[in-house]
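So that we are looking at the same thing, I have put the structure below in structure tokens.
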């Protein structure tokens, strides 16, 4: 009974291109939490002159890029994804309870998270597959409910054809009604009170290609732009 | 980098609005944002709810704020200090409302708000009139009451040093409630003795990270 | 209908003597919170070689005595009672929420508080007089419920003859079942599951003098000592 | 002054008891009390409930603690890391219990315990299976679930420097959950890289005040 969808037999965006596209929307002066995986790649594409303050839930406010020289790697300065990082000028260290106070307390302008599924009402699933006895939550539940905006980044369709852009979640939820934008290898979507709005499609794809790869009805604005990635 | 430094006291205070909840830092003499309070006194603002441990002493600071008619309500733990003449008279005359809150509960309610939480269970006040109207819970055989978060529209705090980004450190016991209020308000304004260059503050020793500071005013004193 | 009691027409302990007696019971290595008034006097009588760590609820851990020279008085280093103090070696500053976490969290071995009334079940009243529309709570409610032991220090009888050592409170309570010992200008009492035990009486007073000044039945141990003050 | 310095690793570990709840600090590589964990591995202790963000990786640290048979239950936010082979096998075989807790809720539950509170209302987990069996509250139009405090019988933490009284500072992001665990346990044991003389630590920059440290073991590394 499971719905299956298909991605078109055309080139889709690479992870790098997805990361690059998302990075365009991280605005100056924002405080942003970056999840593990593609989200971390996105940060690398934020231009240096754009002042985005990165929060890492293990207690780093003002996280910087990995050190350039291997000898500068510090076991005591790792991201939540356990990769070596640096501290930006004006950064600070806090403990875990203070770090999550910041996350839940409304001081994150945006969180960028990976996802298994996003629903048209903004529900997010990213911690557990259906039927599994357990899963990894990490900081995702706290960060997803706390951030003012949540950008989900993921492939549009899973390898086995399970839809990831859906009307209602079939995966166990991480947080309800939190996702504001979705960045995939096929499209950029906004989550609105009326459902998904298709903002941009990847070069070479059609609106129908994207719609066929969703288990949710997409709202089409007067102009659907092409992703500049 | 976001510009947070106010060019003048007036600019710093200009953010405030009538009928706001304003958290004001300080305990006794230490950590009081004296100039910001003076600024509010001259602002003509009305109907403010002020959160502070005390209700003002003498005729300066919060006492003057009361005399200027800016305050509709005080939330305090210790409102009737011996020198709180202004407040006592206005309270007796029904000109100002009062909510008395245990000091630790007051701090925790603000910390709870700042942490994005919806309340907490505390043993403080169980069996007292502070518990009236509040749900009581028994957890592992001990009684607690449910207290709600206390969020400010604004916080006026006092710090010792600030860097250009807005990171703060405090001085000795002048720290007191200031860092808690900084995290509990929608808009936090810090009165600071000294601005130091970027990276002059040890990132291990920053007490209030810049993300909690929306505006700072340097007094140079 | 109000019960009145009388103090004997004999010399009672001075505030200094009460403070001195209480100080004897503050043990080495204890973390102690000291209220405003007589409690603060008590600390001065703790011998310097006895390492008692004082907590002041405005965020001082390891509070020391007032500075010896007036020019060393620091407006940023005052006690909860707003008097000038110092920081002992190995002391630390914390903010108010952390300070009360310590108080409620079971790290205070003892709190020394003034009182209007103490009841035989350990109930404490010290913030509001009956019929008043409001009062000063300060940190007393949090500290009284949090400390492992609460020592109440007060005159035995109020000026108008209202009893302060009582079977049940007639004043609004600050905290229930918290007081472990009572130090007055007439006696030292322990609060036990069976009620007040009269441990010591002031020099020149009899057990009957003390009993007559209470609105609670005192339990008499085999030996009632004389206060060495 | 209370003597808190352990003469040996064995002495530091000797306080622990079977069936205890043990909070173990660290996140990834940073702030892990590696030697204290090794000490527990050699202790023959049984039935421990371990609280840590992860469930051990490789065959050292918490993974070895699992292999040695010391652990009855893990409380984690991220138990199934790619290198958590030991835990995954033991969990699949029913040899160890698991409670998965959101990371912020885990930190807050310990902070709540340390602060002497009886629980808190958090928006985290509302509408998810984490909320199952927990009372839900609506406060000012927003939904919250009630989470309980999480207290340890013991905390094993890692700090950078200690003074003779037991005050602690940490190093960079190795701070992580350690200061929270320090306040949440009945008995806190710190593994510390370096002991410094009294007053060598700035009282403004102490992260864990001495009152939270019951015992420390200096590794000198």
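To keep things simple, chains are lettered A, B, C and D as they appear, and every chain counts its residues starting from 1.
Basically, a contact is a pair of C-beta atoms (placed from the backbone, for glycine too) under 8 Å apart; a residue touches a chain by one contact, two chains touch by 3 or more.
Note that this is a predicted model, so its numbers are computed, not measured.
For the interfaces A-D and C-D, the C-beta contact count is higher for A-D. One finds 32 Å separating the Cα centroids of chain B and chain D.
Measuring from the averaged C-alpha position of chain A to that of chain D gives a distance of 29 Å. For the pair chain A and chain B, the distance between mean C-alpha positions equals 36 Å. Touching two or more other chains at once are residues 87, 93-94, 97, 100, 103-104, 145-146 of chain A.
Each of the following residues of chain B touches two or more other chains: 108, 111, 115-117, 122-123, 170-172, 175, 204, 207. Taken chain by chain, the contacts fit none of the simple shapes, being neither an open path, a ring, a star, nor a full set of pairwise contacts. Here, these are the chain pairs in contact: A-B, A-D, B-C, B-D, C-D. Here chain C touches chain D in the complex through residues 29, 31, 51, 53, 55, 61-62, 87, 89-94, 97, 100-107, 145-146, going by the rule given at the top.
Across the complex, chain A is touched by residues 27-31, 53, 77-81, 91, 98, 100-105, 107-108, 110-111, 122-130, 170-180, 207 of chain D. Chain D meets chain C in the complex at residues 1-2, 111, 113-117, 163-165, 167, 183, 198-199, 203-204, 206, 209-212. Taken in their complex, chain B has these residues touching chain D: 108, 112, 115-123, 137, 139-140, 142, 144, 148-149, 169-172, 175, 202, 204-205, 207. Contact residues of chain A toward chain D in the complex are 56-60, 74-78, 80, 82, 87, 93-97, 99-100, 103-104, 123, 134-143, 145-146, 172-176.
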